Amino acid sequence: MFSYTYRHRVRYRECDPMGVVYHGHYLDYLEYARTEALRNAGLPYRQLEESGIIMPVVDISIRYLSPAHYDDLLEVTTRVEKMPSVKIAFDCEVSVVEDARKTEPVAPRLSARADVTLCFVDAKSGRPRRAPESVTRVLADAFARIP
Amino acid sequence: MFSYTYRHRVRYRECDPMGVVYHGHYLDYLEYARTEALRNAGLPYRQLEESGIIMPVVDISIRYLSPAHYDDLLEVTTRVEKMPSVKIAFDCEVSVVEDARKTEPVAPRLSARADVTLCFVDAKSGRPRRAPESVTRVLADAFARIP
Amino acid sequence: MFSYTYRHRVRYRECDPMGVVYHGHYLDYLEYARTEALRNAGLPYRQLEESGIIMPVVDISIRYLSPAHYDDLLEVTTRVEKMPSVKIAFDCEVSVVEDARKTEPVAPRLSARADVTLCFVDAKSGRPRRAPESVTRVLADAFARIP
Amino acid sequence: MFSYTYRHRVRYRECDPMGVVYHGHYLDYLEYARTEALRNAGLPYRQLEESGIIMPVVDISIRYLSPAHYDDLLEVTTRVEKMPSVKIAFDCEVSVVEDARKTEPVAPRLSARADVTLCFVDAKSGRPRRAPESVTRVLADAFARIP
């Protein structure tokens, strides 16, 4: 399993008149987390783009379980559990780990759960292609360490 | 069936370095379309909020089928096919109806398909509640006209 | 003088926990208004880009005078009063023309005033260049009609 | 002088078809930096709001000097040089400190310079008011340390 946890502080501009994070911004959080997960694995997304591969999102499924509020601290955990072929699936959880409305520490609370699928695409032809070896090697290593 | 079609012009700020609409903004388009669908049915969302009811999004599932580009004209069709109880499900399609890269008219092209579920919540108690009569009456009328 | 007025409905995602439009989104409104002003003058921005000219924003000055709220209807008036050389200056006003909190019509209320300067840049060389003739001709015509 | 430097990684969703940060997002960066500057001074903005004070932005002036690109690392420096009365002025600089297109380290490059003015407002009455003592004390301390 490949897994990475990213931390994000909820910003004022991300909150709506209900006082909670507007639902659309969770997709941004998931993007930040994927980006940092890849960087942490030695695979900055920019390098993939420079090698002629783009990774458009093809599918997202997200369930909102509990709202997050202004200035909360979130943890976004991103997992890859299956070796990618043409597509790669990320399994994500967004949790509130610091509740800005409380002065005492709180137990982490699950805010949303999401499945995100991206596709490997050849930037020039616009055609789907298999995951490049740079990606599969990194994942194979991670899978070997944590089955 | 309750159905409404909303038109949106793709803005520069909505497009990413791939030159296409960033996937997260589709959730905004869906929100604009729901809002205008409710207004068109004589039910501005603001009135619902003023009557003490909020409608958080609880679930979204979206498939991206074909990219939209800067300055394209989109049609977002929003349907309700089932009488809501505590939740209401919107069935949505985003199509490109004007392709800004072409000078000739084009056949509409499906860009994304989404299912969005919202919940009726009592703003004071924070508890889920049944759809108010103002909503069910409007939908019953629509269902009577178009089964 | 070249002048154009664009209408925008305030969206939920644009409002913050104070219940008003988050200040950053006014820059988006100004972009929408410039784009539609150019299109209305027969000069879609996409055509400029396709002819190898980009127009980055180089300077913005904005004063927020009165907040706008969710579901308000705004008018964004965009004026060009001076023939552009390498730069073009837009003089903008954002007014609330429908106040969603009131059932009665209201007198328009100025919400913000802004000066936006863009630069004509050759996309290939990245160098500033003079406004293309397509732009100066449209403006000269408008200036002839309304001095 | 009160001064704080905040670091931000440029996100994909923040970049436009020119491949650079869309100009509107700089206002978000400035907000993030102000928030963290206040928190670092022991004054989380959330506490101000809970004490009944809101701080709407009343004026922004920003000059864009050099574009930032996807995955660049930015430093946003925020300074307060004058004791606030009803208004507080922030003097800001956004610099690119890591250029994602280069493998070698680069000298920091100024990307934008901005002046942002906020107003202290009593949340209940909606009236402007003087800066609370919690804010002026923190600034007086900072001014004493660095004149």
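Chains here go by letter, A, B, C and D, matching the order in which they are written, and residues are numbered from 1 within each.
Throughout what follows, contacts are C-beta pairs under 8 Å (C-beta built on N, C-alpha and C of every residue); 3 or more make two chains touch, one makes a residue touch a chain.
This one's a predicted model, so the numbers in the text were calculated from it and none came from an experiment.
A rotation of 180 degrees, rounded to a multiple of 5, brings the CA atoms of subunit C into register with those of subunit D. Among the other chains, the CA centroid farthest from that of subunit D is the one of B. Inter-chain spacing, taken between the CA centroids of subunit C and subunit D, is 25 Å. We define each chain's centre as the mean of its Cα atoms; on that basis subunit B and subunit C are separated by 27 Å. The geometric centre of subunit A is 35 Å away from that of subunit C, both derived from CA atoms. In subunit D, the residues that touch at least two other chains are 12-13, 24, 28, 31, 70. For subunit D in complex with subunit A, the touching residues are 11-13, 28, 31-32, 35, 44-46, 70-71, 100-101. In the complex of the two chains, the subunit A residues touching subunit B come out as 17-18, 20, 23-25, 27-28, 31, 49, 54, 56-64, 67. Against subunit C, in their complex, subunit A makes its touches with residues 12-13, 15-17, 19, 22, 24, 70.
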